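Just so it is clear, A, B, C and D label the chains in written order, and each chain counts residues from 1 on its own.
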Amino acid sequence: MTLSRPITPAASALRDKFREVRATSLALAAPLSAEDQCIQSMPDASPTKWHLAHTTWFFETVLLQPHATGYMPFDVRFHYLFNSYYEALGPRHPRPQRGLLTRPSVHEVHAYRRHVDDAVVALLEEGAFDWAAVEPIVTLGLNHEQQHQELLLTDILHALSCNPLLPAYKPASGPALRLATVAPAMRWIEQAGGVVEVGFAEHAGQPAFCFDSETPRHRALVQPHAMADRLVNCGDYAQFIADGGYQRPELWLSDGWAAVQANGWRHPAYWLAPDDPRLGFGLQTQGAASWHVFGLHGVRPMEADAPVSQLSFYEAAAYAEWAGARLPTEFEWEAACNAPGITQMTGHVWQWTRSSYDPYPGFRPMPGIAAEYNGKFMVGQLVLRGGSVATPEGHTRPSYRNFFPPAARWQFSGLRLAKDL
Amino acid sequence: MTLSRPITPAASALRDKFREVRATSLALAAPLSAEDQCIQSMPDASPTKWHLAHTTWFFETVLLQPHATGYMPFDVRFHYLFNSYYEALGPRHPRPQRGLLTRPSVHEVHAYRRHVDDAVVALLEEGAFDWAAVEPIVTLGLNHEQQHQELLLTDILHALSCNPLLPAYKPASGPALRLATVAPAMRWIEQAGGVVEVGFAEHAGQPAFCFDSETPRHRALVQPHAMADRLVNCGDYAQFIADGGYQRPELWLSDGWAAVQANGWRHPAYWLAPDDPRLGFGLQTQGAASWHVFGLHGVRPMEADAPVSQLSFYEAAAYAEWAGARLPTEFEWEAACNAPGITQMTGHVWQWTRSSYDPYPGFRPMPGIAAEYNGKFMVGQLVLRGGSVATPEGHTRPSYRNFFPPAARWQFSGLRLAKDL
Amino acid sequence: MTLSRPITPAASALRDKFREVRATSLALAAPLSAEDQCIQSMPDASPTKWHLAHTTWFFETVLLQPHATGYMPFDVRFHYLFNSYYEALGPRHPRPQRGLLTRPSVHEVHAYRRHVDDAVVALLEEGAFDWAAVEPIVTLGLNHEQQHQELLLTDILHALSCNPLLPAYKPASGPALRLATVAPAMRWIEQAGGVVEVGFAEHAGQPAFCFDSETPRHRALVQPHAMADRLVNCGDYAQFIADGGYQRPELWLSDGWAAVQANGWRHPAYWLAPDDPRLGFGLQTQGAASWHVFGLHGVRPMEADAPVSQLSFYEAAAYAEWAGARLPTEFEWEAACNAPGITQMTGHVWQWTRSSYDPYPGFRPMPGIAAEYNGKFMVGQLVLRGGSVATPEGHTRPSYRNFFPPAARWQFSGLRLAKDL
Amino acid sequence: MTLSRPITPAASALRDKFREVRATSLALAAPLSAEDQCIQSMPDASPTKWHLAHTTWFFETVLLQPHATGYMPFDVRFHYLFNSYYEALGPRHPRPQRGLLTRPSVHEVHAYRRHVDDAVVALLEEGAFDWAAVEPIVTLGLNHEQQHQELLLTDILHALSCNPLLPAYKPASGPALRLATVAPAMRWIEQAGGVVEVGFAEHAGQPAFCFDSETPRHRALVQPHAMADRLVNCGDYAQFIADGGYQRPELWLSDGWAAVQANGWRHPAYWLAPDDPRLGFGLQTQGAASWHVFGLHGVRPMEADAPVSQLSFYEAAAYAEWAGARLPTEFEWEAACNAPGITQMTGHVWQWTRSSYDPYPGFRPMPGIAAEYNGKFMVGQLVLRGGSVATPEGHTRPSYRNFFPPAARWQFSGLRLAKDL
């Protein structure tokens, strides 16, 4: 038996980070009942409980099993239940049936988390491990968990939106203000373009982690253009609706128009029209003579200067067409990220770009199981840039490439305009 | 303010019956977690919580609102959430989305039940009501609730069957015996046929309630035939499987063969083949060299002389064809119900008959809201007779017509053979 | 080499009947182009060319191959292409893809027919065959072909109805009269009921052929009732529409109401509302201020006293409910078939009954391949009685049981009312 | 009445080109029967007759109606029947139902073509028109018709492939040679990359026409890479299959693997495995111990050095992954188009690139109705470059951007490998 070595400062910091991220997931689930945490409202979304278990499975499978000597799995059946899509890791429970897993209970999943947390912390504290191998896995696992934290919020919001009672995830601390102020006019900020460097770059004092899809850093040519200084807001978008935006095929991509027709879209996913029966139903409002928006705080009057959210790419592109503009490319966005005068680049909504999620020149997936993390999804998806209110602090960065299919509209996803010069 | 009159013996008995039936529903739900009670595993099934709430809604809407002066609804929104299919009672929550109702919680549904129970008991005890109007509604509501008690069991069993862990609804008190005994051979009991009376008849000392579909009582002609003295059991059915029953189109109705092909049926819904991976998975068994069956007590070795269950009509008809026999008609079944030598007529499985669910001559639906109870389903369904292990005590009777579409196989449904003479 | 024997009168008559029925099929196809004869407008319908080939395949496979010594098949691949649903006769071309068979061409199918016709006639004329075996097959084949003659018409009518130009199968010889006359009021004819004989009976001077589904002849009990003296006509049905028949769920069976909602039914399948754009489109009419009906003669003004047709069972049942009546059972219909005062029992439209297509007591399928003819469809279907304008002369009889699923509405199917006394 | 002016040489050349292209469409349809020309084998494909009519409709609607004074439409109803997807031009016949249009007949469509051809030629010969307006429309119409000529071939090939007889579009003049020769090994040609000009450029002596999607010409950065000197051929691809390519998820994009599973893909769309029953069925081959391929000449033995075709993007990408390479980007392809040593860039198969069909910087759709030509499809599609055996002579060019969704595999679509340096 060996004496354990004292923990290094780097390992200590990693352990603390681990504890913090793991605690955040539980905190996000805390306002939800066991029933809330169990259901799945559509195949694209997952139950809260599943998010809690799957992120734990990731540490167990990718970190503990290969690297923690003598680790005993909590329950070998969970390897089948909580794999998401890793073909290399064997068969798995079908995605559309995640909501049927009433067992294990949320309490058992909490026990599973504690079991794995204890083993990870013990591994990091014990010290007798290969730092070069372990640190990247832990960091990847934490970034992975942060992605699921955002999905946990967007998925439960979708589930709650399917309930005619429209319950709030977390009641607001104060009343929503019905703002009389006018949003500042959007301004165009000219960008010179030229050869720019895009993709992840390691800087002193910056986070050292990125996903493989952000690499390799490379040069790209960007044309001169103008970028909007702010996001499109709800007041802007309400004008698009009022101008018949959802009834004019000439504004839409062909697939987008088909989606409008097939699904009866008339406004963003979580907007309630003034005559929505659920407004009276839930007695949530008085004098519902205007748009309302369902969100994490429940149903509240639409705020004209709040960024519009829960848009599909199709809606974002149609709005841009209506506005006589276009969506920025992902490289225009990245190049303008720190440009003077540009605001709201992160922390509000993810911003649809006019760029398909294609691999960068020279792209190679991460080695090992993480090879299935990004590359295999690089078809049929659009890039979103920025970060939203639901994105964990410190998780995103200018080179970050989020992606969703063009019809997805349960994310905090909006847009910023661009135009040619 | 009026003095309440003393409760009559009839009202007292009805109140006690009401309390007993209502308590049974809660007792059936008791082994289930809040998560278990929330989910819906297919559009045909409903969540446990929904059954608890819907049966309560029935009393609130049909009994209390019209007949209990000053009754205050528990929550008016529940009228939308918990209506099942009564067009006359307004719009309702879509059936396939019942599993998304995490709110109200199971605790709130319990409170809803108490609120309505108190009001019903108060109405019955208070005495100032129209007995001729109220008694039939209470009795109908109780029979309705008993039907849902059975569905509560079959629906949760289906939900649990979708979980790869195959959890037990209620663990068995003792181990399942692997029986070495041989089931007694089936015997044919000859029936003379002729003109018989079928449909509900009120007898002294018999229950006075029936559904409209059992009426009017009328005469029918039955041909001479033989009826099996017992149900087809699992051992019998295993021989059908072993003889290639699921691979021989000539045994099947055309729609049945299409269902076999489309769904990959190879055995009854809840049977596990000897090589089923879930047998090792759950460690539920040792030496799984034979069929196992999932049921309310979880996974247990197939018992050869237990009645085969969870069969579709198609499978029942194919088995009968294979056995050189046929299914009985519903009138043959009813006529033979008390014939000497015939066993297992109720309490084991519902028995598919070779009769479509057509209206009886002179059939008229019940008046009022109950008009939507049976008549509007009289197309595309087959009649089952008898009653199952899941049927509440005293709920069924010889004239009782249960019905399901021919592909349904999540009920406790099996068969008995008949043949022409 | 043997001398051929002189043909017997019975064989001669059968040969003549064979030639006549076969010629009728070609005559029915004659107004159609090769393109018309090739297409399939829905999985339930078949191309004209396929009907011509399939009926030929039946004679080749069931008659010539087993009974005509030395018969050489026209093309062995046709056994795969033109089998309809006979599992015992091997694999077959998928039903929904019959419209993709541009080859063989209609000319090749004509050659196929001649090849088989010659061989059948030669067999019948040659005389050295087993009459007891051959005659029933030829007769069955001719009745089979007559059934397909009717389907040929209803299927091509459906195909033409899908063309916005609404072309006529065969232009009418004269203009449709816009009748000012009022249809005679419907009268109720009382029927005493009692024990009746139903099913096929051989009588001197009557056709000796029937399908197995009409047997065995047996006694049934019929309650006293009244039967309408005539069919429901278009004028009657227009009142049902005008009275909101398609908007009132209480009139409909549950599945029927779901079909109305899912398919947007607002009138019978081939009716054109006064504002139908195709009325102006095709310039077929002047002053289209009223209902029009598409039929074998194209689009013509609705005639109030013509029997309503192209109804589903659901619509027939809803109409009867609206009229305060019901559909007759199949035994009521059969018993009333020759009753005094009852008109329009055949030759106009098939009449939906309130009877599911269940087997008769003691029913056994025909032996051999014909076993798959009727019995395997005895679930999920409703019985229609009578015969339509498209039914070949002499093909139907009082015991004839036609059947279709309840949502089918591309047949010449209507209704007659009945009611309890 | 004005005297007609003598036709200019430019107008004369355009008229001759018009006649030539229009004649080619008819020549392509000539080997097909009226039945062949009528059917539609899937929603993505169109009937031959529809292609003939739709290209005619385009000239009638976009050229003649606005520009030919006094033009009388052939049949106003055709505007509804033969519009493809132009929202601005009003409602249209649903795409999946094009195969139901047996009327107008192919003869009427020929008459329609003659009517429009005469009017176009008269317009061009008469001379009193606005050349600057008319010439671009005629040229666009001809390029449009050439695109449909290719689709006519790929669509009818798909339709014939659905017939179990696998008839040939046009029998080959000579027997397919079973080649003993070995295909030359693929060689890598290094490309330096750097800033390249991409998009359409007008050169003296080059065709002046391009589609809007090829514009504006602009600079792009291309990384150093190597490009295969030839296409992947059938022999190469057979090795991928033999190596389990269709059973190894790690080679596939996530959506691609899902398509493999859902559709049971095991080889390219028109390959027949050695044990395919249709090989014996049609007697097309002797000793079918190897792969066969269905094509315009019917079923023929697979030729190892013929380019592999009828691949989806998913299959192309999986093959490249298996080969340790990748697909080229569309700009790499365009830059290498005339590079020394690179062969088979056009005339064999369209080549899938690793580029999504995104708009070029500064892209604006063509004005007028042509605005709906390309831009509205710029999402969810992949770019193919080159040209195939089915592409009309002179129709394609290096900047040409063909596009299809990633699962499409009824085109003459294959691949060329690239790799990073």
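Simple rule for what comes next: a contact is a pair of C-beta atoms (placed from the backbone, for glycine too) under 8 Å apart; a residue touches a chain by one contact, two chains touch by 3 or more.
Everything numeric in this text was worked out from a predicted model, so none of it was measured.
Peer 1: Along the graph of touching chains, what's the shortest path length in steps from subunit A to subunit C?
Peer 2: Each step joins two touching chains, and the minimum needed here is 2.
Peer 1: Which chains are in contact with both subunit B and subunit C?
Peer 2: Intersection of subunit B and subunit C contact lists gives nothing.
Peer 1: Using mean CA coordinates as chain centres, what's the subunit B-subunit D distance in Å?
Peer 2: 58
Peer 1: When the centre of a chain is set as the mean of its C-alpha atoms, what distance in Å lies between subunit A and subunit B?
Peer 2: Averaging C-alpha atoms per chain gives centres 45 Å apart.
Peer 1: If you average the CA atoms of subunit A and of subunit D, how far apart do the two points sit, in angstrom?
Peer 2: 38
Peer 1: For subunit B, jot down the residues that touch at least 2 other chains.
Peer 2: Residue numbers touching two or more other chains: none in subunit B.
Peer 1: Which chain pairs here would you call touching?
Peer 2: A-B, A-D, B-C, C-D
Peer 1: Considering only the defined contacts, which subunit A positions touch subunit B in the complex?
Peer 2: Where subunit A meets subunit B, its residues are 33-39, 41, 77, 80-81, 93, 97, 99-106, 159-160, 162-165, 167, 281-282.
Peer 1: For a test of understanding, state which residues of subunit D touch subunit A in their complex under the given definition.
Peer 2: 85, 87-88, 195, 218-221, 223, 249-250, 252-257, 313-314, 317, 329, 354-359, 361-362, 371, 376-380, 382, 406, 420
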